[in-house]
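Two complexes follow with subunit A in common, the first pairing it with subunit B and the second with subunit C.
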Partner chain A sequence: MKKYLNNIITSLICFLFVILLNFALPRMLPGNPIAYLSGFAEEEMTSVQIEYYRNALHLDDSLPEQFIHYLRSLTDGTLGYSFKKKANVSDLIGEKVIVTLQITLPAVILSTFLGLVWGMASGYRKDSSFDKTSTTGLIILNAAPSFLLALVLVILFGFHWKILPYKGLSSSSMVPGKPGFVTDRILHLLLPVMTLVLAMLPSRYLLMRSSVRAATNERYILYAKQRGLSDRKIKYHYILRNIAQPFISMVGMSVSMCIGGSLVIENIFSINGMGKLLSDAVYTLDYPLMQGILFVTTGICVLSIIFTDITCILADPRVRYMERGQEA
Partner chain B sequence: MTRDRIALLVFGCFPLAFFMVMAFFPGIFTSYGLKDMNKPWLTPSADHILGTNSLGYDIFTELVYGAKETLLIGLASSLFMLALGAMIGMLSTLPGLPGILFNGLINVFMLLPHLITLIVISAFIGHSAAELIILIALFGWVGTARNVRARVIHLNSQPFIESCTIQGFSRIHVIFHHILPNLYDLLLFRFLLGVNSCIMMESTLSFLGIGDVYTPTWGTMVNLAYKRGAFMRRAYNYLPPPGVCIMLLSLSFYFISMAVEARREQIDL
Partner chain C sequence: MKKNLYSTLFLILCLLACTAIVNAADIPQITIGTTATIEQAVIGEYNYEMLASGATHIPLVRQDTKGVFYPQVAEWNTTDGITWTYTILDGMKWQDGTDVTAEDILFTLEYEDANGSANLVSQTAEDGKVTAAKYAGYELSEDGRSISLTLAAANVRELGNMNSFRLLPKHLWEGKETLTEDELRFGYGPYAFEDFNKDAGTISFVPNEYYPEPVHADRLVYQLFDNPDTMYMALESGDIDMVWIYSTGVAADYQDVLGASENVQLISVDASNAPAVLAFNNAKGPFSDENIRLAVTYALDYETFRDYVGSQFANIPNGGFVPAATIGYKETEKLGQDTEKAEAYLAAAGYTRNDAGQFVNEAGEALSFTLTYRADRGNQLSCAEIIKTQLDAFGISVELEGLDPDSYNAKTSNKFSENNITMEAALYGYTSAGMGMGNGLATIYVDGRHAVQGGAQVYDEDFQRILGEMSAAATLEEYVAAAGEMQDFYAAHRTVIGLYWDCLTYGAAARFENIEIDNAFGLNNAMNWLSITEK
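Entry: the complex of A and B
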């Protein structure tokens, strides 16, 4: 229990670290913070404008006061103001997060499930030809950068066989409310999700396989086999329960990797999500927007880590029973 | 040396040697210069193995010259990352508050969303090749630090370290003469894996347009190919080759690291 609590505390510290980083970056770097915080070049601004931004950004106050203003902007639901796009950062991000989550969530779930079942099968029948071929294949897949995977999938499914759409999230004629909107959306999501699953799968498979391999040397497996239990029962009732914890933790941590991967994928499939927003922000030097995106993604990652830690607590009987023992 | 290990080494070293030669002697592979103009969008032929791009540059030549930059960034940032990881890993085993603080640092960096943090910071600081090398290393040392920490904790409990302490050797002496030599194979393994992850990180950043355009790596090549419309023109000779090269290079480092790992298991440290 203490271990998980520590984890949760660390993730909160991580969150704080990002907040501090966001606050410090524009203020500590050489150059005028006005340029960083507004996103406009200093030379192009009139003195009136500079005065306006100086006031709007509270740059005349002392650092602690500025920090309080910054914290307030995080808690009042705006996450700051993008002067380039003339909108609150939270409004800009809000609609895009849902798009990105539509790609990442199915990918996380699918790759976890596949990695678990496949890794279990290979690890349990260790050094069989099935194990060897799938491990070699997945190691090679692991080395492929995600943009290469996306390109190959688009070339195969989009250009060559022409069976799946590879651009955007909906066909241009589709609007919500039209029949077939959901089917259309799912068809459009297939390729991006597939790319992300292929990118995430190898690490999960390899972790699962190596822990199952180690577990099969344990005596309780030998005993279970002697009792004549079915392979299925041994795999999912005996091994899985013992090795679930590192796997679940890893899934929680990989959410951040998954969001990172979706940045690349959104660029290739021209999907208008967070990745697109971030590239736009980088190209137009919209610093407040970038900081907002960093804040939101860290938030999502921290939430997913807390969620998986709670899952670990619920899944691990050792932790549960210890709690009860202490209460009694 | 088992047969598996030799196979791994051969599979690993062969592509690596090939890319190394490419990096040091690009002239062997191609007779064109980087900026030699030809007709744009030529398809592959005997004259141009991979055809030409939108500006008429020979794609294969770009690929050959990209090997050096890619390897340079990968090796340099991995070396830097290794030093950082080893240092912080050892510091985190200190007794008392400093140890707890450094261990906390490791845990915090493990949870950060690396790619996005890197993108945001490089947008603030800039993204020349040197800055990229440092930034990638600054956000990649966590795995090394964790491994080093585990190993140092294990070593500290060993009798030979204990007897050193009893004989009155200073901690500094013990670290440099007894602990570091025992970390050698672990560091080698992490270095090879690190090159792999640095190359991946760099190519992803370059693909997203956050790379140094003056020292074009393979990732930058894909990004430029994408921007110049190779995707819509279905120029299969332009987009995938740099990606495949990245994959081969990263595989070769992975195989060599597996061979190192196999030796470690045999010695059973």
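Entry: the complex of A and C
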């Protein structure tokens, strides 16, 4: 338990460090902080605009006061203001994160489920032709970059067979509430989700497979087999509980990706989500927006790490027994 | 008798029905792919304005690819290049049926002034800098259809400013503090806004029933793509009917593939921009010596730039610098490699070739210079490498300096360097709009006195004299004569050179014909929707 408490404390310290960095960086960089905090080049601003931003950003206040203003913007939920997009950062993120979650969430769930079942089956039947074929295929897939996967799927399903849409989240004639909207949305999500699944699956599969392979050499598996337990029971009741830790950690790390989105996938499928928002912020030097996105993704990442650690304790019997032993 | 009457009536009805069918749009929908990023479909958002210029907010006049102007919303008249009278064309109406009037022109100018432009009133910035009003005065006609605008100074090329001038609705906007999205996109063009579906990434338009001429497509749909690969594949597969990116044609990388497709037609027009320019610092450094400028321009092999950097339609520029689509273009010497001439000019500059093949001066110093370019621009990187390879082989040492946009601007423009341009030679891309600004012929980039550009740092008296003549021209003939002189100056002094000229290439589905291209807006123009037909 102490180890996990340490992890949680380290994560929280990292998060606080990110908050401090977010506040300090624009003020520490060479040049006028107005440019960094407003997102506009200093030479493009009139003296009136400079004065306006100086007041709006409280730059005449002392540093501690500025920090309090910054913390207030985090706690009141606005996360600052994007002067370039003329909107609260939280509103911008909120609008885009819903779009992104429609792709990333199903992809994470699906790739996790497939990686788990497939990796378990291959690892359990180690060195069988099923294992060798699956592993070779997925190692090759692992080497393919996601943009290539996306383009291949677009060419095959979108242009060659013309069976799936390859652009946007819905057809132009579709609006929420209209009959067929849900089906249309699912059809539009298929290719981007499939791309992400194919991109994420190999790492999950390979981790699962190697863990299961190692576990099958353990004596408790031999005893289970000797007792005549079914393969299904051995795999999912004995092996899975013992090897869940690294797998859960890996899935936990995907949560931040769910929020941060995938720039490549969003670009190829013309989906206006978090990945695009971040790339816009970078290209237009919209620092408040970049800071807001960094804050949110870091926050979610820290929460997911804490949640993952707790899940590991609950899932792994050894950890629980160790805890009980330590307490006794 | 009664039977005959019924027959006659029946025939008349049939004829009327047939006429209606003939007049109806014969293309159900035209889908245009674009990589423009649009967050809000309202006037005021730049990318939407460019898009709407072909549908709801068509410019006052249009210019074809030969440079000829035509009335689109208003016809014009001037006798001296100072006072320009614009008269609204018959039948022009807003999408609610209200007449478009000359007062809308005036309202637009005043509205822009209220938002920082200097049309009818001068603007004074906080730092005291004054931007003088463009117009000295105006006069509205009694019938409200004409307005005479008097420029502060003569400009025979004034129509070049009017081919992007879009009207705002006085009857709807006047006196309102805030405007709704519908009011902000309320137009008068051949189409009216229908819908912006953000999830689908489409903006659609339907015919404006009050537009005086019938359009040939029942619906225009602009499909927003983030990824050009997907967009060009969609064109090739027939999912979209044409691609449009403001002021840009089909990228050279895609032209071969699209050209080979039987579903696609590529339409190539002469461009009035200069995609790759080698500009010398004429005031400081080695290139203040004209002989060295001439030597470098004769040492380069322009076929390499054309073949390896330009598209399949690229060609070798003239010494006169501006491409043939420019108003006032004059034929001058074509650039070409002549190493003997280059050596002769270097000898005149005091450089001879040493045993290592390097050109050195009397003090034994090798001739070298730094070439600055934008590292994020692929064609500049390619051109820089070619220049270095060729000149190094010739005996002039070149050091390449690839910079990010901010650092590049700080070395290459008067505004961002605070009038301290430090580049020795730099690669630029001059846009068509930039080439036409001021007195045209890319003079804003050459003139060292220009407040913003002036990269080539030319302060030559002859140059200033010709510039004065261009500015003072009261007729097009006078302007063309001065423009010819300017091109002769460029050719003789080689202050800047083009490395290749290119064409703008547009892509559309092969099933269409009678496609009209606009000089400013390419395929996205009202005339196209009035003329386009299916084969």
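Quick notes on this one:
Keep this in mind: the second predicted complex is superposed on the first by the 310 of 328 C-alpha atoms of A that agree within 3 Å, B and C clash if a C-alpha of one lies under 4 Å from a C-alpha of the other, contacts with A are read in each partner's own complex, and residues count from 1 in each chain.
One rule holds in what follows: a contact is a pair of C-beta atoms (placed from the backbone, for glycine too) under 8 Å apart; a residue touches a chain by one contact, two chains touch by 3 or more.
Because the structure is a prediction, the values reported are computed rather than measured.
The superposition on subunit A brings subunit B into a clash with subunit C. When both complexes are overlaid on chain A, the residue A:276 reaches subunit C alone and has no touch with subunit B. In the superposed pair of complexes, A:267 makes contact with subunit B and with subunit C alike.
Between subunit B and subunit C, it is B that contacts the larger number of residues in subunit A. By the touch criterion defined above, A:151 lies against subunit B and subunit C together after alignment on the C-alpha atoms of chain A. Once the two complexes are overlaid on the shared chain, A:253 sits against subunit B while remaining clear of subunit C. In the superposed pair of complexes, A:175 makes contact with subunit C only, with no contact to subunit B. By the touch criterion defined above, A:161 lies against neither subunit B nor subunit C after alignment on the C-alpha atoms of chain A. Here subunit B runs into subunit C after the superposition, and of 188-196, 224-232 or 260-268 the stretch doing so is 224-232.
When both complexes are aligned on chain A by C-alpha atoms, subunit A residues 151, 154-155, 159, 267-268 touch subunit B in the first and subunit C in the second. Of all residues in subunit C, only 37, 39, 125-127, 195, 197-202, 204, 221, 223-227, 229-230, 233-234, 236-237, 239, 406, 415-416 touch subunit A in the complex they form. Residue ranges on subunit B touching subunit A, taken from their complex, read 104, 107-108, 110-117, 119-121, 123-125, 196, 200, 203-204, 207-210, 219, 222, 226, 231, 234, 236, 239-240, 243-244, 246-248, 250-251, 254. Residues 41, 43, 46-48, 85, 99, 151, 154-155, 158-159, 162, 166-172, 174-175, 266-272, 276, 280 of subunit A touch subunit C in their complex.
Within the complex formed with subunit B, the residues of subunit A that make contact are 7, 10-11, 13-14, 17-18, 21, 25-26, 29, 36, 139-140, 142-148, 151-152, 154-155, 159, 253, 256-257, 259-260, 263-264, 267-268, 278-279, 281-283, 285, 287, 290-291, 293-294, 297-298, 301-302, 305.
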